[in-house]
Amino acid sequence: MAKGIRLLVLDVLKPHQPMVTELALGLSELDGVDGVNITLVEIDKETENVKITMAGDNLDYDEIVRTIEEFGGVVHSIDMVAAGRKIVEEGETPQDKLEEY
Amino acid sequence: MAKGIRLLVLDVLKPHQPMVTELALGLSELDGVDGVNITLVEIDKETENVKITMAGDNLDYDEIVRTIEEFGGVVHSIDMVAAGRKIVEEGETPQDKLEEY
Amino acid sequence: MAKGIRLLVLDVLKPHQPMVTELALGLSELDGVDGVNITLVEIDKETENVKITMAGDNLDYDEIVRTIEEFGGVVHSIDMVAAGRKIVEEGETPQDKLEEY
Amino acid sequence: MAKGIRLLVLDVLKPHQPMVTELALGLSELDGVDGVNITLVEIDKETENVKITMAGDNLDYDEIVRTIEEFGGVVHSIDMVAAGRKIVEEGETPQDKLEEY
Amino acid sequence: MAKGIRLLVLDVLKPHQPMVTELALGLSELDGVDGVNITLVEIDKETENVKITMAGDNLDYDEIVRTIEEFGGVVHSIDMVAAGRKIVEEGETPQDKLEEY
Amino acid sequence: MAKGIRLLVLDVLKPHQPMVTELALGLSELDGVDGVNITLVEIDKETENVKITMAGDNLDYDEIVRTIEEFGGVVHSIDMVAAGRKIVEEGETPQDKLEEY
Amino acid sequence: MAKGIRLLVLDVLKPHQPMVTELALGLSELDGVDGVNITLVEIDKETENVKITMAGDNLDYDEIVRTIEEFGGVVHSIDMVAAGRKIVEEGETPQDKLEEY
């Protein structure tokens, strides 16, 4: 039965090389990983800020960080994590709108 | 048959350590919990404001608060709770738009 | 066959204690109730404004109001009600946008 | 086979009493009605403006208006009507955006 | 097999009488019509601007216009038409946003 | 197996006559076409700007352009094209929002 | 079992000729490609900025870039990439809204 960490959304800063295609392939081969999505958030002359979303079963956060660092990246923050038998989405409430301002 | 508290959305302030991955794992192991989602709302130098969404069957609010406190967090408010045989979503009405302003 | 009142969305003012988790549990145990959702709309020093959504079959409005009052709350308005064999949603029309302004 | 009027959205002004729960129950018992939804649009000291959505088969508009009037309400406009074998939704087109301004 | 015109969205100006419920019933009885939706866009002292959406198989545009005129209405524009074996929706592209301004 | 061009969104300028209903029927009868949608984007005294969406299998772009021209229209741009075994939608990324401004 | 790169969203600058229909067909014939979507983002006198979305199994990034270049295009950035057994979508978090400003 699926368990442990099931979903991770990471805010990562990385150099342009190695490319996100290589980083995505590298992360997709780790234990328990079902899939990896990397989207470009902002691009600068030497670096790019990307959002990495990973889904799977019993994801190993330390190994994921280590792999990102091997590709030259740094994890700035964990923007979302889901754990448990079921992947639960963030519940939307009227409080969210207040926090935006 | 499922009953009691089925869904909780909590506004929580916590120190950076222990990390949200550890808190999510800790909460996912409590009785009745199907899944836990933690999203980062705001990050400061020493603390982070997170939204914790928990789904399950017969969730034990007091035990959940105790666990969050063991990880150094404080529950600021209960932003949503659902109870009963079925998980009912918040009904959207024309009054919501008025309350936003 | 399901009938009577099937869905209610209530605008309620309540003191902080008893908590919304207790109120949700109390309402979820009434006759005909399938599920209860309580979301926090606004929080003040002594009171909180919540939106209560209840779904079920043949909901008893008077008993629901009585229960909310036993928990110290006051119903300000009925923001939505659905009745009948099927739960019908609010129909959206071009007139809604005009009414927003 | 279903036919005639299948869906009605009415803009109605009514006094606070009888309550929308009673009006919804009254309308839900008319011939051909599958379900009724009443949402509060605006509330004044003595009246409330509500939107009534009714779905069913071969709905009798005159009887519906008569019932609303028995509950003290007045129909201001028919904001939407659907008729026929299938309930067709309003088609969205680029022209809608122009009409908003 | 379904063919010909399958969906029509018409911008129509009509007097208040006959009512939209009568016009919807009249249009729903034409050959090939599965369903009719009429929404109120704007209401004036003597006229109302409505959007008529019709779905079906091999819809006869000329007969539809004739029927609308028999009910006192005038077709201002065809805002959408779909034809063929499958009802195809309008494809959304980045160009739509540019055209809005 | 489906292949070739599967979806086309065209920005077209045309005179008011022949009408969009006739153009939609004309395009729906071409080889490989499953369905055609024409929406009105802007209307002027002598011309109208329409968006034509066509779905099918192995669509023949040149024949489609020729048919549009026979109806008096001119293709201004190809706003979207999809090709291959599966119809792939446009992927939404954080970069889209930047490009809007 | 599906693996490798599964989804690519590319920001590409290309001359008007060859047309996007030809580029879409060319890309759709590469190994592992299930489907290609090209949308027009911006059009200038001599060039057009397009977004290319490709879905498939074990997509070959280098071959895709080579093909785009054979059609006269240049890849400006990889806006999204998904890899692994399952195609994972970008996770939406409250941090996205902050980054927009």
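Observations
Going in written order, the chains are labelled A, B, C, D, E, F and G, and every chain counts its residues from 1.
As a working rule, a contact is a pair of C-beta atoms (placed from the backbone, for glycine too) under 8 Å apart; a residue touches a chain by one contact, two chains touch by 3 or more.
All values derive from a computational prediction rather than experimental measurement.
One inter-chain figure worth recording: subunit D and subunit G are separated by 47 Å, centre to centre, where each centre is the mean of the chain's CA atoms. Averaging C-alpha coordinates per chain places the centre of subunit B 21 Å away from that of subunit C. Note: centroid distance subunit D to subunit F, computed from Cα atoms, is 38 Å. Listed for subunit F are residues 7, 39-41, 51, 77, 79-80, 90, 93-96, 99, each touching two or more other chains.
An unclassified topology is adopted by the chain contact network, corresponding to no line, ring, star or complete arrangement.
Looking at which chains touch one another, you get A-B, A-C, A-F, A-G, B-C, B-D, B-G, C-D, C-E, D-E, D-F, E-F, E-G, F-G.
Of all residues in subunit F, only 93-95 touch subunit A in the complex they form.
Against subunit D, in their complex, subunit E makes its touches with residues 7, 9, 11, 19-21, 24-25, 27-28, 33-43, 51, 53-55, 77, 79-80, 90, 96, 99-100. Across the complex, subunit B is touched by residues 39-41, 51 of subunit D. Partner subunit F is touched in their complex by these residues of subunit E: 3-8, 61, 77-91, 93-97, 99.
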